[in-house]
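Report on the following structure.
Letters are used for the chains, namely A, B and C, taken in the order the chains are written, and counting of residues starts over at 1 for each.
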Amino acid sequence: DEVKEFARKMIEEGIDKHAADGIGMVDYALASGGAAVVKHSEPFDVGGRGNWFSLSAKNGVHPNAEKMLKPSFGEPGQCFPLKDSSGFVQIRLRTAIVPEAITLEHVAKSVAYDRSSAPKDCRISGWLQGRNMDSVIHPERMFLLSEFTYDLDKSHAQTFKLLDSASSVVVDTVRLDFTSNHGSPSHTCIYRLRVHGHEPEIVSMMATQSL
Amino acid sequence: DEVKEFARKMIEEGIDKHAADGIGMVDYALASGGAAVVKHSEPFDVGGRGNWFSLSAKNGVHPNAEKMLKPSFGEPGQCFPLKDSSGFVQIRLRTAIVPEAITLEHVAKSVAYDRSSAPKDCRISGWLQGRNMDSVIHPERMFLLSEFTYDLDKSHAQTFKLLDSASSVVVDTVRLDFTSNHGSPSHTCIYRLRVHGHEPEIVSMMATQSL
Amino acid sequence: DEVKEFARKMIEEGIDKHAADGIGMVDYALASGGAAVVKHSEPFDVGGRGNWFSLSAKNGVHPNAEKMLKPSFGEPGQCFPLKDSSGFVQIRLRTAIVPEAITLEHVAKSVAYDRSSAPKDCRISGWLQGRNMDSVIHPERMFLLSEFTYDLDKSHAQTFKLLDSASSVVVDTVRLDFTSNHGSPSHTCIYRLRVHGHEPEIVSMMATQSL
């Protein structure tokens, strides 16, 4: 009976976590929370219909970019495909946060047609863009948050703790650079990127902004 | 082995229930089942872009209203935000039913940015509108179905049994009035409202309609 | 403790499978994977608003047809309704495959208003259409893949293994014919059809195509 109670509780917790956007962690890169892709390397033209840019780009951002900031049913195709085996995506978060971890998700093995388009070696950096909308990047204000490798043998949603140094910064923009993928010569698909952390106390945030 | 079998069965049931729109109860307020929000208090203007009305209102109903009659992945933002800490929403059900219970859902604690916008003290009433499309409400035909409090410490989807008196009425329209929320001075978010019950026998329904 | 570990593992597997598009099997009929409904019998006009064809048909395919190639939250209404108790749907798969099984899904009992519109006796056939876009069907190239009955007392998503003879064919198009339903005189709803199998070795595929 004790065991049955234990099982009952674990099942409930497991399903609750699953029901809470899959992993039960706050995501500051969620589209429905106000985050957005603001810049990216060249998208992969799935249909081969030529210039997507003229048709539907919004400030140079491909309409499919939003898919990487949205949950889906875990089925193939709900991703943002970028050209080549290396590239980047830049995301304006919902608000400025002290970042703690990120989660990179690809399609699950059991339903995938092919997982060679999964990103492999990645680097996450972040900075505080504020209202400064110029696209000039000031390298001295950019922080390396983490370098990690997406592993096809682990869970399809992999969470990576950020570097200790990230715990003392406040960022409202993050950039994912992938420098390799799992074999596809033509493209790399990002199914979802989540950014976890906490909102800074007002005081510490002011201090950061006055840097 | 007996315990394993027990665990196996409970897991299966738990996931089946979750897969069946989360709680496995028939919902007569579901948008894809034909229900619709027909009236509501002033919506909250998230983006601060001024008059939503002229842009996209349909018979005075905000386009976001439908979100409260639809399932989502449990992520923040998939709600209908209304101005202030009190207000109301009126819903035409899929069909006339004898109401038994309602379920009010907010975003789960584990993924929420902030839950101060959750409704707190609520009242559900209902009536049989029929084809009578005038917006005059006849108080003598309205039934109080339940008063309840949404509790932030319980499950994010909370089901409330209706008053015993509700079991002898037939309604095709329900109205949720919230008179307080969990602290937000600016707005209250309704993630989802479900209405449970059963279709009346034809005979009893005719009797009700001839009142 | 051993039992607890066993329970933990089973719960994890169950949820992972659920998170992987529900059943954790590759689906070559998935819309987001590139599959599409290309032909069907007369659709059922839910709203009774008359001629849908002139409003929104794309090559004679109803806009709701896509719903049967997409996952949903298990709620009623996310289906493609066809007129009468018999009819058919023809699907161009993502790519040519050796078919192994199909899964037919209806709305779960616990949330359904009525399941009399579920298909009952069904037949699946398939062929290799290639780039040949004429709508002439060559019966000699069509293969019967399976005959089966959708059973309302079993799980809402029922997987049927195909005939042994199917293991030696390559198809890029399948056709579901339903010859009866579970009682509705007016219409039959298809919630989702999935086609499972594997991509042929290049060599065997060339051989098939040169037939």
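We adopt the following convention: a contact is a pair of C-beta atoms (placed from the backbone, for glycine too) under 8 Å apart; a residue touches a chain by one contact, two chains touch by 3 or more.
Bear in mind the structure is a predicted one, so any value in this text is a computation, not a measurement.
Asker: Go through the assembly and pull out the chains touching chain A as well as chain B.
Answerer: C
Asker: Determine whether chain A and chain C, two copies of the same sequence, contact each other through the same residue numbers or different ones, counting it as same when over half of the numbers at the interface appear on both sides.
Answerer: The interface of chain A with chain C is built from mostly unshared positions.
Asker: Give the rotation angle, in degrees and rounded to the nearest 5, that superposes the C-alpha atoms of chain B onto those of its identical copy chain C.
Answerer: The superposition gives an angle of 120 degrees.
Asker: When the C-alpha atoms of chain A and chain C are each averaged to a single point, how far apart are the two points in Å?
Answerer: 32
Asker: Name the residues of chain B that each touch 2 or more other chains.
Answerer: 3, 7, 11, 14-15, 18, 22 - these are the residues of chain B that touch more than one other chain.
Asker: Could you list, by residue number, the parts of chain C that touch chain B in their complex?
Answerer: Chain C reaches chain B through residues 3, 6-7, 10-11, 14-15, 18, 22, 73-78, 108, 110-113, 155-156.
Asker: Within the complex, which stretch of chain B touches chain C?
Answerer: 3-4, 7-8, 11-12, 14-22, 24-28, 30-34, 71-72, 94
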